[in-house]
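Next come two complexes built around chain A: one with chain B, the other with chain C.
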Partner chain A sequence: MAKIILENIAHTYEPNASNPIFALKEMSLSWADGGRYALLGPSGCGKTTMLNIMSGLVNPSHGKVFFDEREVTSMITEERNIAQVFQFPVIYGTMTVFENLAFPLKCRQFPEDQIERKVKEVAEILNLQDYLNNRAKGLTADQKQLISLGRGLVREDVAAILMDEPLTVIDPDLKFRLRRKLKEINDKYKTTLIYVTHDQNEAMTFADNIIVMDQGEVVQAGSPKDLFERPQTTFVGYFIGSPAMNLYECSASSKNEISIGSNSFKVQANINNYNSENLKLGIRSEYITVENEHTDNSLEADVIEVEDFGNYKLVTASFDSFRIKAKVKRELDIPSEKVILKLPAEHCCIYEDNKLI
Partner chain B sequence: MNFKHKYVFLLPGLIVLIGILIFPIIFTVRLSLSGWNSFNPGLDFIGLKNYIRLFTDDPRFWQSFFRLSFLAITTVFLQYIIGFALAHMVWKDIKFKRFFRVLFLIPMMTTPVIMTVIWRTFFHESLGPLNDFLSIFGVQPPWLSSPGLAKVSIIVVEVWQWTSFMFLLMLAGLLSLPKEPFLAAAVDGASPFKKFIYVTFPLMAPISIGAIIIRLIEASKIMDTVFVLTSGGPGTSTETSSFFIFIKGLREFQMGYAATASFTYLIIMIISLTIIVKVLTKVLMRE
Partner chain C sequence: MPKLYTFLKYFFVVIWACFVIAPFLWAISTSFKDFNSVTGGATYIPWLQFEPTLDGWSVLFKPGSQGGINIIGPYFNSIFVTLTASLISIVLGTLAAYALSRYTFKAGIVKNNDITFFFISQRIMPPVVLSIPFFIFLSSLGLLDSLAGLILVYIVLLMPIAVWIMVDFFNRVPREIDETALIDGCNPFQAFFKVVLPNSVPGMLVAGLFCIIFGWIDFFFAFILTFTKVQLLPVKIVALNSSITPWWSLSAAALVSVAPLIIVAFIVERYLSKGNLSGALK
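== the complex of A and B ==
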């Protein structure tokens, strides 16, 4: 296991072009030993490129990769001692489950007794012990993916296990169990796990640290709570959370007050440049409350739709020319025409040029 | 829709199918039960006499069949090994990859009969360039007049002519393989040899089976190479089933007997190819 450091890393797939497009723009990042990370972002944002740079499957156009103090930038995958699980299960179809799990150790010429002990141990963790003598080809997609994962786990000394959307082919119930298993593995072995996904729920429930990427850049790194409560950019606010964050163009009337259309709201942010024309207010639908009468920071809106999701209601309403969504308790009675909604100042995020003030 | 209309629409296709496939087979079966020859041309009925003659009194047919089996299996095996190796070579990023890809396809673009004439000249014992070169070392092998070497010559020509086809199929297969298994093998620390054995070869098994079967079907009809290169000689040492049938039917005009040999050969080929497909699936795909 090792601390992974990416120093001024950037990558383009067209190095000879006069004006190359960078799949990964220059950045520096470090991954703590034993951490549980998720790389989150829409398709094509550079997540897989970053993963492949760490595993050595892609050589970065710029920058250096370090495992602890050792520079590994020019090392091939085999020498980096990394494990990687791909989106689709990769198994050696001609081998048994045991042989599959033993393969990375055999390639590294481990003694037979050690191979057998380690394979049995990993098979037990992954509930594959009853299938060890079965041909891997005949197993289900999720069992095959467990084998892929197991080949990473049999090696005790791996710097990290990199997973590229590994649960795509798995059905939802099993996804939940596998994520829990991955967490258990991380707790038990303290292996650094880096999990690439475009599914925010997967990232939020799996990782301690989430790195959100967009268009080849890291837009925010932090805990699920940070990402949810204080999104650093409007992209993160929009990308994380369901429904997405309510975002409105606004103007500042003072350091702590903004206006959206005919409504004014107090905020806790200090808007120094309040003449800026590029201000936005963002608020999560979870923090909007329904009030019986006007209070501070409230507005009156026309109810468009109330959807009952079982454990909560989603109120969609409009004020001026804007739409607003509020997640409220299921038992709450929502008026059919007009509703008073409160936007608590402590949960209002103000963005200038799409960046949090 | 009226049920009968379906058959009306099927009719053109069915007529063509009956005309080009079913009628010739049925006619061959009927012909095989007749004694049609140059003295007695006509569809008389002699029962199973031709079949009894073929199975009890004609070792030449069976010899030609086993010779054909040997030639077909040997040539296809060599074509597979060489074709796969060449495809594997130009699949990787090597210098002049495109040039080699075209170069290896050239034999397939040539006309087999013409190329065989050139090969016959090449193997010619007194005038051919091969023996001219070998005479430097004091040897002048009788390439086309020794039974063993004549077979070798046929194998060389067939392998040269058809390895391109195998190369093309194998290269198409290699180019269509997913890249993840190779990346996973690299992560697992597999050597290039292990990658080939555990990743490339198993992934290529279905394509290999298809390619081998296509070539075996083609190779079991070896005729033009034998005809031009050795004419079945010396003696009957390079005579194959199709050449035997050609001799019986179109040289000796024993049409009834040639039809018997043809039909028997067809049945044997259907059975053997079915068995070969099963065996190959079991061996290559380990099912």
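== the complex of A and C ==
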């Protein structure tokens, strides 16, 4: 187990091109030993490249990788002692389940009795103990993925387990149990887990720390709460949360007052550059409240639609030419035409050039 | 509708089976005929329409001094040359194909696909174009009219088939399998031999089947590159022909020569029907 440090890492798949496209733009990141991380971002944002750089399947074109104090940038994969689970199950079809699970230990020449003990222990965790003597080929997709996962878990000394959307092929109920199991394993063995996903719910429920990536850059790293309450960029605001954050182009009238169309709102941000033409206000639909009469920071909107989701109601309304979505308690009666919505100042995020002020 | 479909399916299968079996039945019955039964109009049923004889078959095994051609020597030559050349082609071809599938090669404008195409292009040329270079090449090595020379030439002819089939096969084997093996602690060689190769047996069987077929049926190079010391089966069979075509012994020879391919096809077919080879063939 080790702390993993990426120092000024950048990667392009075409290092000789005159104007190379970077799959990963220069960044420095460190992953604490024993941490539980989620790497979140849309497809093609560089998540898998980052994992492959850590496992050594890809050599970064720039920068260095350290495990604790040891530099491993040019070290080959098998010497890094890392486990990686891919999106689709990878099994050794000609071997039995036992041989599959034992393979990483056999390659590293562990003694037979230790292999046997460890394989049985992991098989028990993953509910595979009844299949140990079956050919891996004949199992179902989710059992195969459990084997892939198991091969990562048999080695206690791995620097980290990297998982690239590992639960895609697994049905929702088992997915939930497996995520819990992964958490337990992390608690028990203190193995660093890095979990790549494009599903925000998966990331939010699994990880202590979430790293959001977009177009080869880390746009925000923090706890689920940080990401939800203070998205550092409009991308994070839009990407995290369902529905996405309400975002409006606005202009500043003073240091902490902005206007959207004909409405003006107090905010807690300090806007220094009032003249900026690229200011946006963002607010989560969860923080918008329905009021009976006008107060500070309220606006009147025309109700378009009220959807009842069982545990909450989602109100979609329009003001000026903007749309606004508010998540409210389902007991609340929503007027059918006009509604007064309040945007609390403490929850209004102001973005200049799409970055939080 | 399903009934009609079933009927049509069986109808065409039966017709196709007749097409395939008819020449064999014809060859089997002819091989037991003598001169008069062959030239005196069509006959089909032994003992009723013609008197079966073993003359056609015995010619194949009698020595030349007794008017036979003795195919036993050439038969084993053919088996030896075909199997050796196929085996070497599969081993070299599999290694080459794995490298072409997994690693990136670049020399100027030449890239992996061009190298693969170069291998396949060896089969595009008409064999006659290669005959003179091969002849000069073998004669300079002193390998004309020898088994070793034939094996060398057949490797050149068969390896493109092996490379072609195996590149396609490896391209279908997910790269993640190799990567997982590396992560699990193998070096690239171990990853190939311990993990990729055991999964590639189906592809190698198909490639082997094609190599054996193409090696076994070659007449052209066996004819040009051998004279008296070494002879392969196809050349020997053609030598049967004379001013009066001996249909009976030609038929017997054809049956004897096609037998090993049928046996090989039956062995490989068992793997085919298990679905193991679907990836290798589709």
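Everything that follows uses one rule, which is that the second predicted complex is superposed on the first by the 357 of 357 C-alpha atoms of A that agree within 3 Å, B and C clash if a C-alpha of one lies under 4 Å from a C-alpha of the other, contacts with A are read in each partner's own complex, and residues count from 1 in each chain.
To be clear about the criterion, contacts are C-beta pairs under 8 Å (C-beta built on N, C-alpha and C of every residue); 3 or more make two chains touch, one makes a residue touch a chain.
Everything quoted here is computed from the prediction, not taken from an experiment.
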Superposition on chain A - do chain B and chain C clash or fit: clash
Partner chain(s) touched by A:Ser285 [first = chain B, second = chain C, both, neither]: neither
Partner chain(s) touched by A:Gly93 [first = chain B, second = chain C, both, neither]: both
First (chain B), second (chain C), both or neither touched by A:Ser61: neither
Touched partner set for A:Phe103, first chain B, second chain C, both or neither: both
First, second, both or neither for A:Ala83, with chain B first and chain C second: both
Shared chain A contacts, counted only where both chain B and chain C touch the same residue: 55, 57, 76-78, 82-84, 86, 88, 90, 92-94, 103-104, 107-108, 148, 151
In the complex, chain B residues that touch chain A: 178, 180-181, 183-184, 186-191, 194, 198-199, 202, 286
Chain C residues within the chain A interface of the complex: 174, 176-177, 179-187, 190, 195, 198-199
Chain B partner contacts - residues on chain A that touch it in the complex: 55, 57, 76-78, 82-84, 86-88, 90, 92-95, 103-104, 107-108, 135, 148, 151-152
Sites on chain A touched by chain C in the complex: 55-57, 76-78, 81-84, 86, 88, 90, 92-94, 103-104, 107-108, 148, 151
